[in-house]
Every structure is written in C-alpha cells, then in structure tokens.
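The following pair of complexes shares a single chain, chain A, combined with chain B in the former and chain C in the latter.
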Partner chain A sequence: MAEAQAAATGGTAAMDRGRTWVVLYLATTGVVILLMMVFGLLMRLAQSEWIVLDPAVFYQLLTVHGIGMVGIAALGGIAILWHFLSAHVPLRSAALAINLVLFLVGVVMILWAVFIGGFAPAWTFLYPLPAISGGVWEPWAGVLDLTGVLLIGVGFLILCLEMGRAIVASQGGLGRGLGWHVLFGGSTDKPPAPTVVAGTMVVIVTTLALVAGATIVVMTILNLLFPSLAIDPLFAKNMIYFFGHVFINATIYMGVAAVYELLPRITGRPWKASRVFLGAWTLSTTMVLIIFPHHLLMDFAMPRWTMVLGQVLSYVNSFPVLAVTGLGALAIVHRSGIRWDLVSTLLLIAMFGWMAGVIPAVVDATVSVNYVMHNTLWVPGHFHFYLLLGLLPMIFAFMIHLARDEDVTARGGDLTAILYLLFGLGFVAMFLMGGWASVPRRWAVHMPEWLVWDRIATVMAAGVIVLAGVFVAIFLARIPRLLRHG
Partner chain B sequence: MTVQTLSLLVSLAAIVALAAVFLRVRALSHTPVDYPPLLARAYRLGRIALWTMVVVGLPVTVWLLRYMPHTTAAAVADPQVVNVSSTQWFWEFDRESVEASKPVEFHVTSTDVNHGFGLYDPSGRMVAQVQAMPGYINVMTHTFEAAGDYRVLCLEYCGLAHHAMESVITVTAAGGSNG
Partner chain C sequence: MRARTQAAIGAGLVLLALLPPVAGRLEARLPLQVLGQYPLLVAGGALAGAALARRHGRGAGWSAAAALLAGAAVLGFWMIPRWIDAAVALPSVRTLRALSLVLAAGLPLGWGWALAGPVLRGFALANAVPMLAVTGWILLVVPARLCNSFLVEDQRLLGRLQLALALAILVAAVLRALAGGPAQGAATDRRMRRASPPIASPQAPRATNTSPSGIGSRKP
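The block that comes next holds the complex of A and B.
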C-alpha cells in the first residue's frame, strides 16, 4: 500500500527515504529504551539495597530515565504512525531527518547537563527547583538541559506540523481527518482510515502540548539566566502537567496505528472507522486536553471546579479506550482463525496493557483516593502499566514486523511475548503494591519495611530487560538488510 | 478497610476480569466464524458496556466527590491550627502536638521549592497529604483518629535530600493535650 501511495504521489524515492528514516528511528528507540531500562534497574537495585548509589547519582538517573523514556516513547510512537500514515497521506521525510538530528543533539545536551553538570530536577523540572538546587548544580546545567529539551520539542513540533499539513492537503482539513463530516455532517463520503483519524488526533493534541511545553521551558530558562524574572509556581505546574500529560498520552495514540493496520492484515478482517469509532476519537481528543488537572488534585489552591473536572472526566476518558478501541481489537481477533505468533501476541498484550493500565489511573484520579495515594509508587505503577505493557509491545511488534519484511505469515515466537507479559505484570504489580503500602515515589533510599516490593520488582525488571533485549536484537540484526533494500 | 486496600482490591478485580476476557478471546480465536454477525454482537456488547459505565459508574464517581478534602477547611469551627513551613530539606511547625478526635487545620507552605506534606500513621500508612508550594498556603483539615507519633514525609521531589526530609507530629489522646 505504501508503494502504491508513493507511486500515486510520484515519490517512490521519497517513500524509500521515509522507510530508511523509520528504520533509524526504531534502531535509536531500541537502543535508548534498553539503556533507560538499565537506568531504571539500577534505581530499583539501589532501593533494594543490593547496590549502593550516591543519592545525587540516583536522582540524576531518575531525571534521565524520566525524560529519556518520555522522549523515546514519542520517537518510537512517531515511527509507527509515520510509517502507516504515509500510506494514506503524502508525507515529506525531510521532517523525519530534521527531527532525528534535533533529537540526538538534544539528548547529548541533556546527558551533558545531567551527568557532567549534576542537573537533577526530575523530568518534571517543577519551578523553581531548576534554579534552587541546594548547591547541587549550577544554573548553566539547567540552561543546557532545558535547551536540549526545547530542541527535542521543536523537532517533534516540525513533525506534527508536517503531518498536519499532509492531512489537511489530502483530507480537506483536520475536522475531516477526524471524520466530522461523517460524524456531525451526515456526509455519505467514505470516512477517513482509522490511522488517519489517529494521526489527526495526535497532530492536534501534540502540537498544543508542545507549544505549552516550549513556553514553560523558555520561561524557566529565562528565570535561570535572569532570576528576577519570577514565575508563578502554580502556573508553571499547570503548564508542565498539561504538556507532560498530553504528550505522553499522545505516544500511545501514535503507537495504536500498529494495531489498526496489522491486526486487519493478520486476521483478514477490516478495521473500519464507524461513527462510534469516530465519536470515540473525538471524545479522546477533547478529554486528553482537559483532564490534566488530575495531576494537581493535591494543590488545594487550584479552583475546586478543576478538581471536579479532573476526577469526573478522567473516568469519562476511559470510555473510548475500554468500550471502543479495546473492544474493536478483541472483536477483530475473536474466532478469526488467527495463528498466534510474536507480532500478534505483542499486539494483543498491548491492547490489554493499555486497557488495564487505565484502571489504576482512574482509581488514582478519584480525589479521596489521591489524598492518600498521590506521589506514592501507585503512580509509576499505573503509567508503567500502559507504557511497558501497552506502548512498548506496540513498538516491539512493529520492529519484528519490519524485521520480517512486513510478511504477516505466523512464525511462532509468542512464548517470548508471554514471558515479557508475565515479567512486566510482576514488575508493575510491585509498584502498585508499593503504592498500597504508601511508599513515596522518587526516593533514593527506602525504609526496611518497603524492601520486599523493591526486591521482587528488581528481579522482574531484569527479566523484562532480557526479553526487551531479545526483541530489539531481532530488529537490529535485520537493519543492514532493511537499509540495503529500503 | 483503608482507602489503599479498597483501591487495590477494586483495581485488582477489574484487571483480573479484563485479563479473563482477553484469555477467553485468545482461547476461542482459532475457530473462525463469519465476521459481520460477530461484529454486530461486539457493537451490542460495546453499547452495553458503555451504558453500564455511564449509568453505574458516572453516578458513583460524582457521589465520591463528597469526600473532597478541599471542602472541609471552611466548614470546621474552632479547629486546632498548625502552621507548616517547608524548606530544602526540613519541616517547621509552630506546634508539634495536637489532640486526637478534633479537627486539625494544617496551613502548609514552602520557603523555596515544591514539597509534599504527607502524614503517616504509626503503622506507616499514609492518612493525608497536601502540596507545599512557595507563594501559596494550602489549607488541609484532618482529624486524627488515634493518638501516636505521626511521621511527616516529603511527597514531592525537591532535590538531593528529598528522601531524608522527615519530621514527627505527636497526637495525644482526646481531652488530654495542650491542643
């Protein structure tokens, strides 16, 4: 289909370059994910008291692990979305090249700032922590780190604008990309493909998130350079959580293109954009932008109505995922005669991880629960659930799919995926148990009564890394062939 | 049952139910049937699931809003007041002892960066929390049910010694304190 689209747009060579860049994106994603996982393992080992880490080093690892995983989730997610979206709308792969260069330059700056400059404000860099470190780092490290973050954000913004341009040019507008002409206009025109709908949603929400993120990053840099330029801490917190919440959620909406495109090819059953499907995506587009106050439920200075919105709409936001997208994935494989293999099993795990990960998130978005569980290990429990068992299986499935030359014939290997699921479940369950036991998140040193959860989590994390390493190795081993054949 | 235990059990039950659905679908997936009738059935199930979430779940989440801690501060008459100030990496209180069974109003702020004021009961279970922010005073009302030493831990990452930012508030039995 991609080749047909390329031929139709007169750009076979451009399509080939796009595919090459997608391969490079995935290679970078695989290597960085493994590195970030190792950083995570080191932190769990230190909390388990199995190794000794200087707290300063622990918090540096925490900072890099957080920002690194957010960034690489987006890089891997965008590789999936770009690959499948390019079969529906004509994309210019120069944007991919610019973004990757900016991403890599930004990563070097962040690593320099953190490991040389000692900058460790966590990925959230809540104002005014970047400027008030208690003598641990100098302002230059903060400026260097945040400039790196800004470059990465600009790169992703360029990608979003390019995808938005292509969708507008080919579909006639972003509203038509979301299928509003069918949903609200009663049009009998063919609705857009599910991947186009997902791509349109990603363009809208990610662009807004990146603009908000860039704004607060620039303001924080200015504060570091000119301390008299103060920022309201509550405003800064709102901006950071709006950016962070929307951006990390968008990564899974990028990755779901793999589910929409591959499950129909594997089962021979089409995934059509029905009116219910279109309604669900429009609801998700709206909800993901307005539910971020659930990160600020313990900021009692926030207006009360934002708390009500944060709780009620977080629950409503689970409707499209649980009742439409998840159900659609289950329907397409149910009694389909599918022969399960590594790719299809990873995709099924991804849908389970996404749907199941929503559950502890909704529970924590309830104010009375948040009152005793916010900023405990429950929080990393729910976001590791849908990133480790939702997004990453989508990325790994796509890697294996490319490594198999996009041939969807079943080739076994599902046992590896099931092992990944079991170790992953064990790992996130220990975060959730830590939350139940009131263990605070982001602590370099844990109390003796918490070690049991830490130690089981450490063993599970090691298993996850080994299996993730297998998936990445399968892909990396095929890269020379993939690059040779385009 | 604590809120933490109830949250864990509800989450666990929902996740296990979801896993059972996935396992069932996977187990039955090998035998093919016609897709259109199956899809129609899936749509029906989807509608049932959606309406269940709307009719049952939505009223529940709205009902749960009655437990918002933000609403209690203004409603309490003659509370015990504790002014809490946080600084990298220590807590300061204008009183370190309060009485059980009588509302305590914590006025929480920060002199530098964001911190998190987390109250832990003697068994190590968190009973309340609020953010400590520079430039803001967050008011949290909590009534201690039992006497004992309640630890205060920092729940918002605040730099190098975040994990060491601890203190204690002593809660005395009702009617027998300086509160």
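The block that comes next holds the complex of A and C.
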C-alpha cells in the first residue's frame, strides 16, 4: 500500500515502509518465540523431574534457547523500530529482506550445529569451551554454529547501516539524531522525534557491538581450526560480554518505539523530546557501552577500575532512559481518560517489566551481592524479567496493533494481558527465589530441595506459553489480510 | 579536487613509494612495508580509480561492491607471509606486487569507494576493522615467525600497529557518522509527507489518529 501511495503522490518506491517485511518479521518472531518457550519449558520440566531429559540434550536446548531468544528479540525489536522509524526517515526495505534471508540461513546453521553436531556451550560460547568439548562435539559443529552467528550479525549490521544512513541523511548526522544540536548547541530547531532518538542510539551501540562480536567470533573460529592460535581468555570474555550485553540491551531500546508511538496515539497526548529526554538518551548511549564489566565481577584478573566502573555505571545506566520513558508514559496515561485494552495494557506491562526487571540486575551488579549470586538462578531471573515482561509485551502489543489494522480504539482483552503478567511474574519470581537460595544456573539436574521452585516455575511457564500463543495466534490469523494490504 | 589533479597526486604517491631510497627504507622493516609502502601504492591507485569513477562511473554503481571485494582480495593476497617473503627475494615478484597493489587493489578500491553508497561504505569499514584486528591478533599470538625475511619482533610490532589502526578507523568512522553533514531533512520531510500520511505525533494527536501506514483509524 505504501508503495502505491508513494507512486500516486510522486514519492519514490524507496520510501515504501517495508510493511510486508515487517509482517514477515513478526510472524517469524512469533513462531520462534513460542518454539523457544517450549524449549525453556522442557528444561524446567526436566529440572522438576517431571520428564527425563538426557543432560546432553538439556545443554543443546539451553544453547538454542539462549541464542534463539537473543536473535528473535532483536528480530522482533527491529521490526517495531523499523515500522515506526520509517515514518520519520526514508528507509529502503531491501535491507529488511537481506537481513531476513541471512537470519534464516544462520538459524539453520545453528540448529544443524546444535542438534546434529551436538554443539552446546551455551549461547555465550565462552572461550575455550567451544574448543574443549570433552568429545561431546567436533570442531566442525563449533565452526558451523559460529558461522551462523556471524551471518546473523552481518544481516543486523546491514540493517543498522541502512537506518544510520537514513538518519544521517535526514537529520544531518547521528549527533543530530540524538538531538545534540538542541542539547549542546542551543539550537532552536525542532528536536528529533523520540523514535528517531531511540533509533539513533540503537544504530550506534548495535553497530559497535556487532563489530566487536564479529571480531571475537572470527577469532574463535580460527582457534577451532588452528588450535595453536590461542586467545587470551580474559580478552575473549570481555569481547563476548561487550557484544552480548550491548546487543541484548539494544533490543529493548528498539522495542520502546512502540511505547513512544502508540501511547500518544491511544491517549491523544503528544510525547515530546525535551532536553531532559535527549540528555537521558545520550547518557544511556554512552553508558550502555561501558557497563559490561559487571558480567566479570568475579574475574579477579580484571583491572580494579573496570570493576568500579562496571558497578557504579550499572547503577546509573538504566535510570535516565527508564525515568524519562517510565515517567513519560505515566504522565501521558494519567487522567487521559484511557480505556484500557489489550494493546495499552501490554504496553504498560512492558514499562513495568522494564523498570522492575532492572532492579534484580542492579542488585546483581553489586560486587558484594554478586559474590554470592554469581552463576545462580538469580541471573536468569533478572534477564527473564526484563525480556519476558519488558520486551515481549512490546512485541505482542505491536503484533496486536497491526492485527487490528492499526486501529487504536479500545477493544478489551486486557484480562489476557493481566494473566500474562501474573504468570510471567510467577515464573521469574521462581528464578529469583532459586537464586536467593543459591541454586546454581545451567544445571541439568537439580537437588530435591530445589524442586519446589522448579515445579512452580514449570506451571507458570506453561501459562505464559498458552497466553503468548494466544497473542501470536491473533496476529498469525490476520496475516493474509495484512499481506494483502502490504 | 579535479579528476586530473587527483590522478596526478596518485601518481606522485606511487612514485614516492617506489623511489629507490624511500622504497629501500620502507621495505627494510615489515611494519613499514605493510603499513607504509602498501598504503602509498594503494592510495595512489585509489586516487586514480576515484578520478576514473568520477569521469566514467555514471550508471556503474552496480560494480562498486565487486570492485571493493576484488581490491580487498588482492590486498589480502599480498599480506600473506609467503608472498611478502617472495617479494623480498625476487625482483620480478616485487615488481608484480607493486603493479598489482596499484592497479588490481588501489584502482578498484578507489573506483568502488567513489561509486559506493553510505551503506556499502559502512559495510566495507565494518568488515575492515575486524579483519585488521584479527590479522593483527594472529601476528601477535602465532608461535612461529611467519616471514623468513623479517624478525619476529617486526611481526609482533605489525600486529600491535594493526590493532591500533583498527581502533583508529572505528573511532574515526563513529565520529564521522556523529558529525554527519548537511541534512536533507527538509526535502525528505516533504517527500515523506506526500508518501505516507502523518503519524500520530505531537503534531497529530487523538483527533487524527492515523497510523504510520495510513490504513488504520479510530472507529467512532
């Protein structure tokens, strides 16, 4: 439709909004999310001793669940960002097509490496684990898996470059995309729209993360092929966590475009990019790049100053954007006369999940706590909180929004969202309580004393999957119509 | 800069790199050869390639990616230790290397770079940085001396310099993107408004309530 509009009004085909691709992205996202959730459920069932799972299979599922969720979070997040950003800057949807093809090829390679090659060092592929499997997998499986990761990274790099190009061309530079002309230059020009600011941040941090990721992935592949090329393990861990931390963090900054664009439309109140808003995004852009050492607090060989930086900035990092987004959302909703429905409730849950999910993260980034909680279930507790109740509700809200032909009239369904919140909270609470009781993470077999948390979590996970299935089914059912309008 | 001036500067750089006293000094040490002589020869060819693209490249944008890939492959070939050694030992290989760095690496790189759009340029840089870093790392960690003609200290120094260069390119590219250039915003905004209806933004609150794609609206 956008192409037709563009042609009819003298615009160019280059300004199509990539709607068909966005729909395909979301369809892929929905299906893969459900599949990954089922993998997660299988692992919780095995830990609960309700099914028997070969530990080797458990670790394969763990690896695929991790890398799959990271990749699909980015795919869903980028679909949201692209859809809304393309209304502000002219994007070329060929980049979406290239990325999806590379993504799917990469996924096939990863699945082959894991389920046929037996590769299972978790998604972080921490050196030297890919090369020292104890005979569980051959080096080719590691090479295949990492090449798949590399291809997926190349796809996202192309997307970031295309968004960066469009922002530079339309705003005059990424600095102006972050509103620096208003923030530092005292310019009276109109500041960029909140979605453009978020998109600029995503472009900067994700591109840097992908460059670092490509470097360490190629180094690891070379190490698998030529073991004499040894990597400094501490360097490898720094690179992997820089890449991984920044990349997964960026997914929520992609998804937040849904909040910035849909809440104003639902409530009829504008979301303005004030100087405080711009300052917050600039601060977060900087800090998200340097806080990753909080993943290495137990690595005694790390320089002390990096540990201090990791802890202090972890406290500070999330608050600027969270404060302006959370308070902004509350201000927009407060006394707006909003009629809550599925989309708006999911968006509010997303804000809650993001804000509350940061708390266990910050707690774990404290050295004295990390000393006890490191490598316990507290860690998956924090990132499941953040992703399950922060990012995924944004993606589901956007799916429902598209399925409703972008009509923001309230249509009910908020009870489903509240049930999702309750099951989700129950699920992540079991992780956090397990961590509080020092239950280790990444163990295929659990002690009898830990089963109570595992079993409650399993029931909660089943509930989450059913509700997520409802959201995805609503969207999938509308795909033929959406594609006809594409 | 005019195409002819550009090509003349390119020829000057090639001459400088091949002048006996300069060439002798540059070829005496591995880091000077790879990060001194190679860039002079490649830059010489690239300036000529860019000048050619300016004159004859209209409508040849399709060739940019292939040209960049070909140039990078030739450059990569001459970084293989076996061929670095061969160029030191055999004058014929040295001549061939100089010719190919100018004509088969520099020329296509300049041609491709001049015709490439910002995405392809960014992609090339985003690939160059990890590759420079990885090859630098290999030079640092490989237990053996890779070039018979040069000391292992030279090899390690080249590795460190390549890592530094990769970082410098990354920082420069980020700063360049942050600074940007003149915005095409006004024209783009006008085209965007024609191409799709306005979104609900600060300027288009509840009353309009149109969607980004323009197919949705609030029901009464």
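Note that in this section the second predicted complex is superposed on the first by the 467 of 486 C-alpha atoms of A that agree within 3 Å, B and C clash if a C-alpha of one lies under 4 Å from a C-alpha of the other, contacts with A are read in each partner's own complex, and residues count from 1 in each chain.
Everything that follows uses one rule, which is that a residue touches a chain if its C-beta (ideal position, glycine included) is under 8 Å from a C-beta of that chain, and two chains touch if they have at least 3 such contacts.
Just so you know, these numbers come straight off a predicted model, no measurement behind them.
**Q** In the superposed model on chain A, is it clash or fit for chain B and chain C?
**A** On the superposed model, which is not a single observed complex, chain B and chain C fit side by side.
**Q** Tell me the angle subtended at the Cα centre of chain A by the Cα centres of chain B and chain C, rounded to the nearest 10 °.
**A** Vertex chain A, arms to chain B and chain C: 110 degrees.
**Q** Between chain B and chain C, which one contacts more residues of chain A in the superposed model?
**A** Counting residues of chain A touched by each partner, the higher count goes to B.
**Q** On the A-aligned overlay, A:238 touches which partner chain: chain B = first, chain C = second, or both, or neither?
**A** It touches nothing on chain B or chain C.
**Q** Could you tell me if A:416 is touching chain B, chain C, both of them or neither one (first, second, both, neither)?
**A** It touches nothing on chain B or chain C.
**Q** Regarding the shared-chain residue A:269, is it in contact with chain B (first), chain C (second), both, or neither?
**A** Touch partners of A:269: chain B and chain C.
**Q** If you've got the overlay open, could you tell me the nearest Cα approach between chain B and chain C in whole angstrom?
**A** Least C-alpha distance after superposition: 12 Å.
**Q** Considering each complex separately, which residues of chain A are in contact with chain B in the first and with chain C in the second?
**A** 269
**Q** Tell me, which parts of chain A touch chain B in their complex?
**A** Going by the criterion above, the answer is residues 55-56, 59, 62, 120-122, 124, 126, 128-129, 132-134, 136, 232-234, 237, 269, 276, 298-301, 304, 307-308, 311-312, 315-316, 318-319, 322-324, 327-328, 330-331, 333-340, 348, 351-352, 355-356, 359-360, 363-364, 366-369, 371-376, 378, 432-433, 435-438, 440-445, 447, 449.
**Q** Which of the residues in chain B come into contact with chain A in the complex?
**A** Touch residues, chain B against chain A: 2-5, 7-8, 10-11, 14-15, 18-19, 21-22, 25-26, 28-33, 35, 38-39, 42-43, 45-46, 49-50, 53-54, 57-58, 61-62, 64-65, 67-71, 73, 88-89, 112-114, 116, 118, 120, 124-131, 133-140, 153-164.
**Q** Along chain C, where are the residues that touch chain A in the complex?
**A** 117-119, 122-123, 126-127, 129-131, 133-134, 137-138, 141-143, 170, 174, 177-185, 188-189, 191-192, 194-196, 199-203, 205-207, 209, 211-219
**Q** Which part of chain A faces chain C closely enough to touch in the complex?
**A** Residues 1-2, 5-6, 9-12, 15, 17, 19, 83-84, 86-90, 95, 157-158, 161-162, 164-165, 168-176, 180, 193, 204, 207-208, 210-211, 214-215, 218-219, 222, 228-231, 261, 264-265, 267-272, 404-409, 485.
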